[in-house]
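Following are the structures in question.
Across the two complexes that follow, chain A remains constant while its partner is chain B and subsequently chain C.
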Partner chain A sequence: MNRLHYIAMRLVKTALVTIAVVVLSFFLIRLAPGDAATVMAGQSGYADEAFVKSLRAEYGLDRPLPVQLWKYLGAVAQGDLGTSYARRMPVLEVILQRLPNTLLLDAFALVVAIAGGVWLGGLAARRPGSAGDAAVTVLSMLFYAVPQFWLGMMAVLLFAVWLAWLPPFGIETMGADYTGLARVADVASHMILPGMTLALYYLAGYARLTRTAMIEVAGQDFVKTARAKGIREGQVRRRHILRNALIPLITYAGLQASTLVGGSVLVENVFSWPGIGTLAYEAVTARDNPLLLGIFIVTAILISLFNLVTDIAYSLADPRVELA
Partner chain B sequence: MRFLRAFLSRPVALTGLVLFAAIVAVALAAPLLFARGPFAIVGMPLLPPGAPGLLAGSDVLGRDMAVGLAYGARISLLVGIASTLGAVGIGVLLGAVAGYYGGLVDDLLMRVTEFFQIIPSFVLLMVLVAFLQPSLASTVIGIALISWPQVARVVRGEFLALRAREFVQAAKTLGLSDARIIFAEILPNALPPILVVSSMMVGSAILTESALSFLGLGDPNLLSWGSMIGGSRSAMWVAWWTTVLPGLCIMVTVLALAFIGDGLNDALNPRGRR
Partner chain C sequence: MLVSLRDLRVALPPGADRPLAVSDVSLDIARNEIVCIVGESGSGKSVTAHAIMGLLPRGVVTTGGSILFDGVDLLKEPPAALRARRGRDIAMIFQDPMAALNPVVAIGGQVSEQIRAHRAIPESLALRQAGDLLSQMGLKDVAGLLKAYPHQLSGGQRQRVMIAMALSLSPRLLIADEPTTALDVTTQAQILKLIKAIQAERQMSVLFITHDFGVVADIADRVAVMRHGRVLESGPVAQVLGAPAHPYTRALIAAVPRDACALPPLPQAAPLVRVTGLSKRFRRGGLFSRRADVAAVDRVSLILNRGETLGIVGESGSGKSTLARCVIRLLDPDEGAVLFDGADIARMKARGLRPLRRRIQMVFQDPFSSLNPRRRIGDILTAGPRAYGEEAGAARARAAEMLRLVGLNPQAMDRFAHEFSGGQRQRIGLARALMLKPDVLIADEPVSALDVTVQAQVLDLLDDVRRRMNLAMLFITHDMRVAAQVCHRVMVMRHGRVVESGPTREVFAAPSSDYTRALLAAIPGCGRI
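What follows is the complex of A and B.
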């Protein structure tokens, strides 16, 4: 199939899956006992019956569930994700305010994780069983085994409190009002601790996978053939072994997209990073259903698009795989 | 037997096994050693490790940290193993069927796993647990429900690759039933990656549980390593042991499981050893 045609088909599919996500999470959220009107009334201080009723009417919670769903779907189709209960602001606006911060953090973490993981894994696979291999393996296991939130707290203790090299929390220095390059440097210094905290876990995964896949591929006949033909070792490793070993790595990257968002919840929480992760946590604890639904929808679309990219990368890395 | 020898001959795997056995022993012995339970207040708050009678110090409420750590092992192991069993059960069954039959069944199952994959699973888990009311059962069910697609994908991929191989065609020619081909012919050949994924999954389930209870979404009636860390965030600056020790416990447990998984991988996959 033609690649453009394939992408168009996938985009249609993404739209369909998004609708499924909207419908399913809509019902999932309504499964909870009680409704948001009681929560809001509780927060506002007086839970008078008439007030709760007026809140239900204001947010359309008094209408039958299918009607609510239909109205919600219609609104979402027009880009209206409703109003956040807790913030009294359009959900889309709240999300778009926070989204760039999370994308910045996640992109940084992903690049560090892939580059570092493939490098370390390749190093370990060169001589399986050697001291270097053991060191990389143990190191990658250590990063994998550390709870992310705890690693973040330890990083704060070490680098922000004891050594005082880096700021402990936030995305920029409060009240400093830097502009231009000074601001970029300020945000970058705030990003290092949460970004590395997030990256190390995935780096461990990429290192383990690269090592396993490269050792596996290195034992296959076509590698022996390549060596027998007299191709230089570096070429064999890059063009023959690494390229074939990349395939499980790409699958892994696609699989990890949604856990990256989950990791952001914890890391952003520890570092008070104003992103989607902290927003999701606030939405869960405040029972802010429209905001939660909005977060599901926006992240689902982003993860779908990321999966589309990994699928295309898959077909580029392995021409035997047909896009279908 | 050869597999067992290969497994035990690796120092890393052996270390993992010994560590894991020790943690299991502590978890099982906790109610015998500390009959008072982890919530009993034994002294002043924030006493450092080594204070009289307090091996690991006391926490913000003056509870014995050592007792809390021992009881915490029970929660971590229980949640890790129970939720992995659930996830592997669902994942192997659905992945095998999808990979072997392909076509419509595969499409349907893959759409379901895709749904799970594009929704941020930890956020989904927070919502599930918060709405079902945080408890041990809701934690286990929640983690199993968000983890199985990972197993299903791996199993499906293996089956997709293996079903075209000669031995499967031979089995078909011999007239073996589909169930027999799936479970007796293909599944044993697909086991190494499944075992490795499972051993990694017990560890990641333990990490997920600790994250949930760190955020205050764990069972409020149980003290777990994650809730110990979450409960001492404000004391972190003055009493390092309240956050450092439970974190180390989580790390050592997950590390032991990773060592075991690594040993399994190498023992089951002789090509990787050389």
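What follows is the complex of A and C.
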């Protein structure tokens, strides 16, 4: 089938999914007792019945739910995600401020995880059952099993507190006002700890997956054919074994990218990384429903797009897969 | 001599069923001749071939003897020299060309890769040479083929690509490891012809591994018969086939199915299953893409009588398995009726179908994947009757009886499927089908995965069981020789349609359609053994 046609169809589906997400989360959020008006009234330090009521009227919370939903859907369709109660700012603006930080951290973690995992897995697969294989297996089990927030805290303790090599939190040194390359270096040094904490967990997965896939592919007939052709061993491993073994990794990478866009709430919070994860956490604690809904919508759209990219990448890597 | 194996010994890893895969094998291959090694699975024929290539699986090692290639002992050559020799002096082709080609690299890239591994030439030139080779192999639309991927080719095209690749550097020895076993019979005949023609034209030597004496008769100059890692007998093909010295060779030749013993049609017909105008279409494409219907079965009618075996013969894609699956309602037919004892199975609802299901049972092709590896044989056998409410004790007693009927010890009930050989598993599969006392048995390629001597035993068993239980059997096969052995009547299918049908003897003696004639002519060793 025509690739453009396929992509257009998928975008239509993405829109449908987004609408479903909006409707579902709209009702889900309102299942919790109390509303933003009570929170705001509480924060203001003065709350009688009349004040809460006036707040509800101001934000349209006194209308019937279907009416609220309809108004909200109409606004979303025009790109207006509403106003954050807590920040008194357009939701979209708040999200767009934070989103690049999360994407930056995720991209770093993804690249480190894939490069490191594939390399380690390839190493382990070279001689299954050897000491090197056992070491990689144990190491990846460890990374897989250790809770991320704990690993993060230990990393802060070791590299930021004791060794003082890296900054413990934030995205840049506060008040330093670096520009140009100095700023890039500053952000990079802040990114290493949270990035590595995120990456190690996924790296373990890639290592396990690569190892298994490479061992399985190495036993297939076409690898024997490649050797029977008199090709050098390195080329047999790269062109024939690794190339086929990488196909299942695409699915895994797609899934990982999808989970990461929602922001890793734990890791971002441990390192006070100003991303979507911390934003979601703040929105929940402040009962900032418009912000929370906005985050849901933006991440739903991004996840759909990542899935689309995964499927296209899959069809490019494996000629047997057709987009349909 | 181009190749001389002297007392070659290949050891299996500790814990294997025997210490040596190949023991003291001596074999010569002269220039410009085709030598066949014949044997059943586990005979060591394939290991011998891989030892010459220096491509033994991990843990399998040569422990003695020599492999002289043009006077050089390959076992003493350093790995780098051996690698350079592979593909250049000695090339190899394999059984399943789909598996032997890299699924994600285009054909052109795979052929040119071999050329460029040995010659420092640019990719474009290597691709041009690859194209020339492909057209020499009788392949059309070479430009398109070079860009195509293996899954887009037919089985015959893939094996031609493999041969083109193997011949790309004009090797002096071509090793062919069962290169036609996975192919349809007419394709097999073409590939055998091609290999023979190329061998004569290029005056190279061929070591051809096969389990099929029919193929031997077609292609070999000389033959070596192997069993349990030893060469039992070797000599010119006429001598080994005409006057086999070893009893095992005689048994192997005798086990090749022949049409001479075809069963006559039953004297009186008592129709049990009546299929009329059955069609099944498969739909490709989905919600948003263009739909295309493929008629897998196209208006097929047949009658199956009590106590009779009806053979459905056809090549892959002929619709024979789809037909069987519709008869047993594993698939829902689009049109037509399947009357079983007067009731139309094709239109029946699940509830009404259930009591009928037990009366039609199926035996599958692959004895390895059709038995649950994690359940004991006793559980597998009794699961069916228990599902129909039979008591555990009674079911187990009958399972023991059925195992005896198929020639196995009832103690097999406490064991797992992996503890049995392929032939034994197929017997278990048959016992499982018989547990529900069916009236109709559908056997879908029940012997294709088995060695020829085991094949003969299982065919005998099927016929014996059919007679004893007065079963009606729908026997699906791609092998005309097998059909000839057990079927009263045959039906030849192609592209979902019935090409010809009639009593087996008549169809074989005087086929009325060109396609049946082509199928019969393609039988390896036709008329020579």
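Throughout what follows, the second predicted complex is superposed on the first by the 320 of 324 C-alpha atoms of A that agree within 3 Å, B and C clash if a C-alpha of one lies under 4 Å from a C-alpha of the other, contacts with A are read in each partner's own complex, and residues count from 1 in each chain.
Here is the rule we use: a contact is a pair of C-beta atoms (placed from the backbone, for glycine too) under 8 Å apart; a residue touches a chain by one contact, two chains touch by 3 or more.
Computed from a predicted model, the values in this text were never measured in an experiment.
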TODO: Applying the touch criterion given at the start, work out whether A:Ala115 contacts chain B, chain C, both or neither, answering first, second, both or neither.
DONE: neither
Task: Partner chain in contact with A:Ser258 - chain B first, chain C second, else both or neither - done: first
Open item on the list: According to the stated criteria, A:Lys229 is in contact with first (chain B), second (chain C), both, or neither; which is it?
Closed with: second
Open item on the list: With both complexes superposed on chain A, which partner does A:Val17 reach: first (chain B), second (chain C), both or neither?
Closed with: first
- [ ] See if chain A has more residues touched by chain B or by chain C, and give me that chain.
- [x] B
- [ ] Could you tell me if A:Ala77 is touching chain B, chain C, both of them or neither one (first, second, both, neither)?
- [x] neither
Open item on the list: Between chain B and chain C, whom does A:Asp318 touch in the aligned arrangement: first, second, both, or neither?
Closed with: second
- [ ] In the overlay, answer first, second, both or neither for which of chain B and chain C A:Arg243 touches.
- [x] second
TODO: Check chain A for residues that touch chain B in one structure and chain C in the other, and list them.
DONE: none
Task: Residues of chain A touching chain B in the complex - done: 17, 20-21, 24-25, 28-29, 31-32, 128-129, 134, 137-138, 141-142, 144-150, 153-154, 157, 161, 212, 215-216, 219, 251, 254-255, 257-259, 261-263, 265-266, 269, 280-281, 284-285, 292, 295-296, 299-300, 303-304, 307
- [ ] Using the touch definition up top, name the residues of chain C that touch chain A in the complex.
- [x] 53, 55, 83-88, 91-92, 94, 96, 99-106, 113-114, 117-118, 149, 151, 162, 165, 285-286, 288-290
Task: Of all residues in chain B, those that touch chain A in their complex - done: 12, 111, 114-115, 117-128, 130-131, 150, 153, 157, 200, 203, 207, 210-211, 214-215, 217, 226, 229, 233, 236-237, 240, 243-244, 246-247, 250-252, 254-255, 258-259, 262, 265, 269, 271-274
Task: Residues of chain A that touch chain C when the two form their complex - done: 1, 5-6, 9, 220-222, 224-233, 235, 239-240, 243-244, 247, 317-320, 324
